[in-house]
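So that you can tell them apart, the chains are marked A, B, C, D, E and F in the order they are listed, and the count of residues begins at 1 in each.
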Amino acid sequence: MFSVSVRDHFMIAHSFKGQVFGPAQKLHGATYVVDVEFRRDELDPDGIVVDIGRASDGLRDVLAALNFRNLDDEPTFRGRNTTTEFLAFVIHERVAAKISAGDLGPHARGLTSLRVALHESHVAWAAYEAKLGR
Amino acid sequence: MFSVSVRDHFMIAHSFKGQVFGPAQKLHGATYVVDVEFRRDELDPDGIVVDIGRASDGLRDVLAALNFRNLDDEPTFRGRNTTTEFLAFVIHERVAAKISAGDLGPHARGLTSLRVALHESHVAWAAYEAKLGR
Amino acid sequence: MFSVSVRDHFMIAHSFKGQVFGPAQKLHGATYVVDVEFRRDELDPDGIVVDIGRASDGLRDVLAALNFRNLDDEPTFRGRNTTTEFLAFVIHERVAAKISAGDLGPHARGLTSLRVALHESHVAWAAYEAKLGR
Amino acid sequence: MFSVSVRDHFMIAHSFKGQVFGPAQKLHGATYVVDVEFRRDELDPDGIVVDIGRASDGLRDVLAALNFRNLDDEPTFRGRNTTTEFLAFVIHERVAAKISAGDLGPHARGLTSLRVALHESHVAWAAYEAKLGR
Amino acid sequence: MFSVSVRDHFMIAHSFKGQVFGPAQKLHGATYVVDVEFRRDELDPDGIVVDIGRASDGLRDVLAALNFRNLDDEPTFRGRNTTTEFLAFVIHERVAAKISAGDLGPHARGLTSLRVALHESHVAWAAYEAKLGR
Amino acid sequence: MFSVSVRDHFMIAHSFKGQVFGPAQKLHGATYVVDVEFRRDELDPDGIVVDIGRASDGLRDVLAALNFRNLDDEPTFRGRNTTTEFLAFVIHERVAAKISAGDLGPHARGLTSLRVALHESHVAWAAYEAKLGR
């Protein structure tokens, strides 16, 4: 299996609901350094997994819709805890949609799965990975 | 698949038996920076993989039983080479036991597998991963 | 010159005032990974720069007063942009106060200067350094 | 599953053919920081995954055949784009050949799979992983 | 003293002249991960060291003039070994010129010094630092 | 000022004397990842700070004399706590001696100062820096 990964980041405010979150129930924030790993079984005709320029641009677009926001105010996330692991899932879904839509180039449809990791500090990170539907 | 990872470290002395270890047959030591990745298929009712506070505390407890020791003197490891890969296995076993015992919270029993990686320097690391029994 | 450095982190929400901040004028947040470098000319009688346990605890205390907060609501910062560089200064001041108060041990009064660096992402960080008054 | 990983690097010049590569069609270069992960189900009789000294030496040999080269001039790569993902495959193949040849020690034949990751910058990396044939 | 640092990278081919360079006398290449540290004694009226957006853009412009090049073909560097330390100096000079020209904003003229570090691998880096003339 | 830095590591056992060290009074160990920064005002005739090959070899030699040892048994360190900061000083002294002896090449005598940093974990490091005598 081949993979290519790109890194970017976004910065948000949010709060959590539930005793399990302790002091994180208060409004606070985070920088998330995001790694997206694109995977496929064979290289495309250009000898690549994905056009890395388009992949980076696609990720930047997805993160721009979250960056510099208070996620508590986002209608999409109403009633959800925007935990690191949940946000990894959200970004996975949105990058996958871009792939389906052809935004990462025609060959990107040959991608088989995606892993999205969000680093919230030097001692904690979360990830979501899943196959890509066709 | 979702995952959450936490990082901590411990510092030990030890020596190895066997020609393959060369100069590491002498008493020396290591700092191990430890990453534990907790995995599950679906998020729990709070929208998390595991209570990260409890996960960090659980890992700290497991490492405290190793930290600032000469592993050559530990009865548990008698006759074993406490290599990086073997220690990854030991920590995996001990964190898994804590999960079974409910120390990481009731929802942690939904965890399906665990990966433990030990970084011994900027150029070498080892890991052990396995499913969690129920 | 000798130095010892310790690392910790905190997570906050805030917003900035001023056109120069662009989208960061909206409420957002950040994880700050904090490095504090303690400096002195000669080692103390124990052969150390500072008691690293007390230094880490002292830093944790200072960060606990900021962690999981919306800095826009903190009276101390009223009318100030809590930029990364400004927060480095604030933490410098607070750690220096702990040193003066003897919280880092009696020998810590031999420290001559302090550097505080705050990493806000994998591509941006800020620092403040200054001598310690006696 | 157990794994041991070692890190090394090499520095090359090359150019790419194909519009998808944009400015990288011109002769340029890269430092590749290479991580090789050796995997097996059970530890060998010495309690290790692989002799880490031999593994590091084997990787150094493989990289020495690429280091300080203009890959456009290498007959082996004629007509191929030496992309990061393709080079991960090449190094995988060459390290696997060393394992088969017994260069990493007799027990290394118990290795089941290999993952080779090449970091081309702080924001992009690629990998190839595959089982080892016997 | 306050500082703000930003990170970016560029990828080039080059060769060196002189026996001291050994195999690096052949055409090869490098990825340089570049950190620029902007320094000043007091924060500007917005509470910042420099407009980080403009600083990042300024650095990107400077690196764009080097990126994806064979430095052996650049007239500017004729007769010079484009070593990591020399390139740190070149980038220092070019970022300083942008500051003088007002490209990083009017307050950036209050910057007092600059440090440019180039990481060529995980085990080697070089830097140049100097005061800024006015 | 120009600088070039190289990284290497060593692994030792030791124990400390003094209540301030708490559990580290017991025999334990550490991996130290070592960064040596070589500094000078002007580049040498080859356009470099120091021959990076010789600098790396020199550092490896210095670390080889410490690597895989129990420092409590080393006559040189009798009656001393081999703290991270003290070991940074020791390595500084030994690398400086190599420079004086001409082991890093004739131009290395133009080096003006040296900084040695030892990373003992992902959250703690120490350094010693001083001018080089002539």
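Convention: a residue touches a chain if its C-beta (ideal position, glycine included) is under 8 Å from a C-beta of that chain, and two chains touch if they have at least 3 such contacts.
Just so it is clear, the structure is predicted and the values come from calculations on it, not from any experiment.
Enquirer: Average the CA atoms of each chain to get its centre, and name the chain whose centre is farthest from that of subunit D.
Expert: C
Enquirer: Check the residue numbers that subunit E and subunit F use where they touch, and answer same if over half are used by both copies, otherwise different.
Expert: Subunit E and subunit F contact each other through largely non-matching residue numbers.
Enquirer: Taking the mean of the CA coordinates per chain, how far is subunit A from subunit E in Å?
Expert: 31
Enquirer: Could you please state the distance in Å, as a whole number, between where the Cα atoms of subunit A are centred and where those of subunit B are centred?
Expert: Each chain reduced to its C-alpha mean, subunit A and subunit B end up 27 Å apart.
Enquirer: Can you work out the whole-Å distance between the CA centroids of subunit B and subunit E?
Expert: The separation of the two C-alpha centroids amounts to 41 Å.
Enquirer: Of all residues in subunit C, which are in touch with two or more distinct other chains?
Expert: Expected reply: 7, 122-123.
Enquirer: Can you name the residues of subunit E that touch subunit F in the complex?
Expert: 18, 20-22, 80-81, 83-86, 88-89, 122-130
Enquirer: Where on subunit D does subunit E make contact in their complex?
Expert: Residue list for subunit D touching subunit E: 7, 9, 11-14, 23-24, 26-33, 67-70, 120-123.
Enquirer: State the interface residues of subunit B toward subunit A in the complex, per the touch definition above.
Expert: Interface residues on the subunit B side: 1-8, 43, 46-49, 51-53, 56, 105.
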